[in-house]
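We just call them A, B, C and D in the order they show up, numbering each chain from 1.
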Amino acid sequence: MKNTFGTSVSVTLFGESHGAMIGAVIDGMAPGIPVDVEYIKSRLALRRPAGRMSTARVEADEFSIVSGVFGGYTTGTPICILIPNTNTKSADYDATKRLARPSHADYTAYMKYHGFEDYRGGGHFSGRLTAPIVAAGAIAISALKGKGIYVGTHIKRLAGINDRDFDDIREDVSELEDMTFGVLDGDAAKKMQSAILSAAEEGDSVGGVLETAVIGMPAGVGEPWFDSLESLISHALFSIPAVKGVEFGRGFAIADDKGSTANDPLRMEGGRVVTATNNNGGINGGISNGMPIIVRSAIKPTPSIYKSQSTVDFKGGSEETLVINGRHDPAIVHRARVVADAAVALTLCDALSMRYGTDWLRGDNL
Amino acid sequence: MKNTFGTSVSVTLFGESHGAMIGAVIDGMAPGIPVDVEYIKSRLALRRPAGRMSTARVEADEFSIVSGVFGGYTTGTPICILIPNTNTKSADYDATKRLARPSHADYTAYMKYHGFEDYRGGGHFSGRLTAPIVAAGAIAISALKGKGIYVGTHIKRLAGINDRDFDDIREDVSELEDMTFGVLDGDAAKKMQSAILSAAEEGDSVGGVLETAVIGMPAGVGEPWFDSLESLISHALFSIPAVKGVEFGRGFAIADDKGSTANDPLRMEGGRVVTATNNNGGINGGISNGMPIIVRSAIKPTPSIYKSQSTVDFKGGSEETLVINGRHDPAIVHRARVVADAAVALTLCDALSMRYGTDWLRGDNL
Amino acid sequence: MKNTFGTSVSVTLFGESHGAMIGAVIDGMAPGIPVDVEYIKSRLALRRPAGRMSTARVEADEFSIVSGVFGGYTTGTPICILIPNTNTKSADYDATKRLARPSHADYTAYMKYHGFEDYRGGGHFSGRLTAPIVAAGAIAISALKGKGIYVGTHIKRLAGINDRDFDDIREDVSELEDMTFGVLDGDAAKKMQSAILSAAEEGDSVGGVLETAVIGMPAGVGEPWFDSLESLISHALFSIPAVKGVEFGRGFAIADDKGSTANDPLRMEGGRVVTATNNNGGINGGISNGMPIIVRSAIKPTPSIYKSQSTVDFKGGSEETLVINGRHDPAIVHRARVVADAAVALTLCDALSMRYGTDWLRGDNL
Amino acid sequence: MKNTFGTSVSVTLFGESHGAMIGAVIDGMAPGIPVDVEYIKSRLALRRPAGRMSTARVEADEFSIVSGVFGGYTTGTPICILIPNTNTKSADYDATKRLARPSHADYTAYMKYHGFEDYRGGGHFSGRLTAPIVAAGAIAISALKGKGIYVGTHIKRLAGINDRDFDDIREDVSELEDMTFGVLDGDAAKKMQSAILSAAEEGDSVGGVLETAVIGMPAGVGEPWFDSLESLISHALFSIPAVKGVEFGRGFAIADDKGSTANDPLRMEGGRVVTATNNNGGINGGISNGMPIIVRSAIKPTPSIYKSQSTVDFKGGSEETLVINGRHDPAIVHRARVVADAAVALTLCDALSMRYGTDWLRGDNL
């Protein structure tokens, strides 16, 4: 299955940037999870563009849940979330529909769909489709909270500026929940925002690194081969547009360590097995060890920029110069933060339901 | 499915380090692919430990193919490859079976399998299970070669020492095919080998970064969401033990770029659409663009070291000091190189068969 | 995945009988398939209740396709079809929501969803959800027609009355396409309609057998084990509510044959390999042999009847007498006919796309 | 995936009739299930041909379990079972390898595998591959027994002779466990055996109907759409060679009933909800209702007969007369009985593990 991810809990995505609606179907979510429409709205608001740091196309993201929720709770049957597209200016794209925007999917879409693809605004490839992922993820996050599992993402790095490391992860994750610009260090936040605005003024864009933490994950979830927890989480994260790297724990830096410093010594803490360090990011042998899961995603700079670029007419075969009009983001890192939360939360709901059964997420109150 | 990966072409893995046999079943491979036993042996030889840079446990890796190959060609039905375990010293592990080796899967296996797991030598989690992946991958690599698609991996970095970048990728990939220590720059190779031997003398271990290139991949393969080519490849790579990061093209470095430098301009070359740079590693919007696929995997230092480490008795709940005996690798990066090749090749066989059908890999000669 | 079926071409179903909307997402359909809204309407009309032979709840089934179709053709990305519920009388169900309607899913839904299920009108279990399957199936049928593959279903038997056997299958399938009551023999049709009306007058219901034929199927599609074409088709058919049996070719009758009469002798016909008889229903060893695929589905009498029935209050644990109010069908066999077509067509689109690749259904014109 | 079935608990099948080995990999079975080698042997013995009622090719079916079992218990990791082929007479098949044996898979295999298939003795399509299914099923049956769930199959009908109906199903299932010829009524058994022997003397073959019962199944397992318990079980059963029909409860006979007689009234029995009749075969809306699951499979007469048959040379395109030599079964119904048990048991282990988690099958004793 292509636009579907997950086994016991799955999400199916549909829609195009300039079509009638985009949406998602979440299937397999336990019955009895409270669905808080205001919370979903708040997560969508964090993804929504705002101000000069983002595209001028602002969608209300008025969503409706047309199935799978009854009396305020999940029923256990498929939940369909619909988000209409309203603020579309399709004419923006007509002039350039044969010209591949560099580092976009125009050319690859053409090679796959032979010109039948909806080219307007990136069509099905548009970052706009992350909105239903965020909405679906909000329900997944609520389900996890009910079991004491919390997910949070900060911008670890943007345009070369670093946020501070996670410190008290529980507190940091809690704080991130409502931050409109998810950076833990206030000074770093300001510098990052300035960098985004500078890039916008230059008609350029910047990228960054998101760092996601999960606390409260029980030990013993995931599989040794092929469905390792890292495999599943990276599978989900790499389907977010613009993600070009995923690493767990110390990630690429561990390649320069020695075993004696990279290894996480174990000790007892309040009767629980814990590790003194967390270089493995909460996962050993593909299976959760009960420590915080730490995963970072590299986000490339938005490929839509206002500068003139060299490209080709992929139907005609001529070389061309392209100036992209339309409305674009000088950075998407800050908006992608809640998308990473959603991708991770949905993956964990699936892995937990596979491990403990389809009632577990609601569990005690059924 | 857990120890199975892939949809149209799949691989199922089984076995434990000290059990009777390990092996793999490859299903869905096109009929008519020549199966060259010598080539499989040569790939296994590249994975096999050798000399002081590796564990003293050397297995002959005498394999047999018991199904799915007839008259020297794949039949199209499941191919079962068996590799007996012969050189096992299970007694090495008895003393420490309740003690979690740091950064190994002992504790997580216990939390998942409740003590029923085969703990000897890492059991099902052992790196030894990469041998059948390599054997299966050898058949996948042969199939891809028949379509002009070539896969090769070098050690990009080990113990802080860098190999040179890919230059003429086609030539580099060809050269890597037979190298016993897969480093393109001879001086770097010597330094890396010294670093491994030094670590071995210290009873320690080192890690590194593998870089895999694929050339000849047709444009238009992969899916926009969830089954992006990056999602599929990272899913496979993250199930290799010790991989803690995966990145494509410029990877994490792209996070510090601006759009104007990160974007890959397009141009025509011999009637084909190409990109002037390849910062996206051959994939846009989850779909191959015809440029080389470039993916790097961060490999952590082997967690088995001879130094004394702090750990716990996970059954008894006491804190303990552990000295690991047994036979271990001071580095696995050089051995993991062909495992990365195999994981990528199997993933591409699957994606190509999904895209073009189950005969495509043999195609013209059926 | 639960409410999703298929691998290369898949369909995901959502909605409840008395919720806001029901619908389906079809993913993986080849790009470039013409989408004929009038044809979809005509298929929905054949499923829709009409006259005294059906429930008094008549829905307009005004559907909208909100994604995956652009300029009248499939794009290759997920197609979401929405059908609003309008004519709902939920109050009908309040009185009986703790009483299990015999042979309905009320009690099993409660055991699975713990009371969080939407109980109104059968909720997610309602036969109403076959409407989006029919709409999705209409697109699949169009795709198959483009490749010369035709699907048609007649009522082989209803209330003990038999239709004639298929004769010239190509002609019969063509004729069935537009029949409002899908019976080939006019006299049998009249008798069946009388039987339905009699049952309605008695407050009772009748069942029957549907027989589906597929012509033009290429030989060589399907898998020997587990994904045999029979396995895939029966998997789809058994998810249609009320189906309690599925058989291919001579089906259960073949159990009484001898090998010498059951075997289908082969011969040449116009340069093609054909069989003289078709007792195997077009499938040998799980793989299509190029002969018509013949499959029959047993449909139980509608469980909603007006007669008083013995049941239990599954929350309270008391035995009760139930009289079902609401609006019900004295038979669904005639309405289910196009659902069987849809289930078979979607399954074949999947199997063909797995076999020949994702472009094959459109193929020549891409 | 093709030769793999199941999601949480899966089985992967490999091998050819005249290759080195056949086998299966069972993945996802809970850890801690006792593996009784003698029990597996006894199940294989029930499948093995014996005496004049079966083929003269008798294999010892000496199997070995090379992974996934440690200290007599399942580890939770993949279990690989190997069965060598020893008694092969491949020369029997050389003369006829271009001639399609009627109602066998020779021609369809050729259309799928283009002549690369191992044609000897039916190759991968051979009924011999049911041996590893039976061995895998024996472990599944043991797991189910540990939870009070029992599976048993009798020959309901053979060559037109009926066995008696299930009476006290628990007792009947228990009795069937060790019967070498699984017929409950001794007189019917004798008549059936005579019919098989008569067919053998005529060089012909007979078919029949298997009826499988499951008792102790908890209510609430299965899915409303697409993964209905009927869909899953029929998917598994239809991959057994020679199965041409599957029906649940009253099956095809229900098509002639009225709702008022077909419906299963509910009542309380010892505090449990039960149904007075079981026309739905233990499944409503795709979900188990706690009553015995009853499923019947139609088995066609063995297509290998000694009589002369009309066929074609599928490579050369000529019409030919075929006399099959080799060693064949005049009936496989009695041998297929334990295959049906295995297919149903594996499916239920999967559905139960999806529903209640991967530890449930061992559950209380972990």
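Keep in mind that, in the parts below, a residue touches a chain if its C-beta (ideal position, glycine included) is under 8 Å from a C-beta of that chain, and two chains touch if they have at least 3 such contacts.
Since the structure is predicted, the reported quantities are computational estimates derived from the model, not experimental observations.
Participant: Which chain maximises the distance between its CA centroid and that of chain B?
Facilitator: Centre of mass proxy via C-alpha means gives C as farthest from chain B.
Participant: More C-beta pairs touching across which pair, B-C or C-D?
Facilitator: Top pair by contacting C-beta pairs is C-D.
Participant: Using Cα averages as centroids, what's the distance between chain B and chain D in whole Å?
Facilitator: 37
Participant: Rounded to a whole Å, what is the gap between the Cα centroids of chain B and chain C?
Facilitator: 45
Participant: Centre to centre, by mean C-alpha position, how many angstrom separate chain C and chain D?
Facilitator: The mean C-alpha positions of chain C and chain D differ by 27 Å.
Participant: For chain C, which residues are shared contacts with two or more other chains?
Facilitator: Within chain C, the residues that touch at least two other chains are 1-4, 7, 13, 77, 112, 124, 224, 359.
Participant: Under the touch definition given earlier, write down the residues of chain B that touch chain A in their complex.
Facilitator: It comes out as residues 1-5, 13, 100, 102-105, 107-109, 111-112, 124-125, 129, 157-160, 199, 202, 204-209, 219-228, 230-232, 234-236, 238-239, 241, 243-252, 254-260, 262-268, 271, 273, 275-276, 279-281, 283-290, 298-305, 307, 309-312, 314, 317-319.
Participant: Which of the residues in chain A come into contact with chain C in the complex?
Facilitator: 1-4, 6-7, 10, 12-16, 19-23, 25, 27-28, 31-32, 64, 66-68, 70-71, 73-80, 82, 112-114, 116-118, 123-124, 359, 366
Participant: Within the complex, which stretch of chain A touches chain D?
Facilitator: 7-8, 77, 224, 354-360
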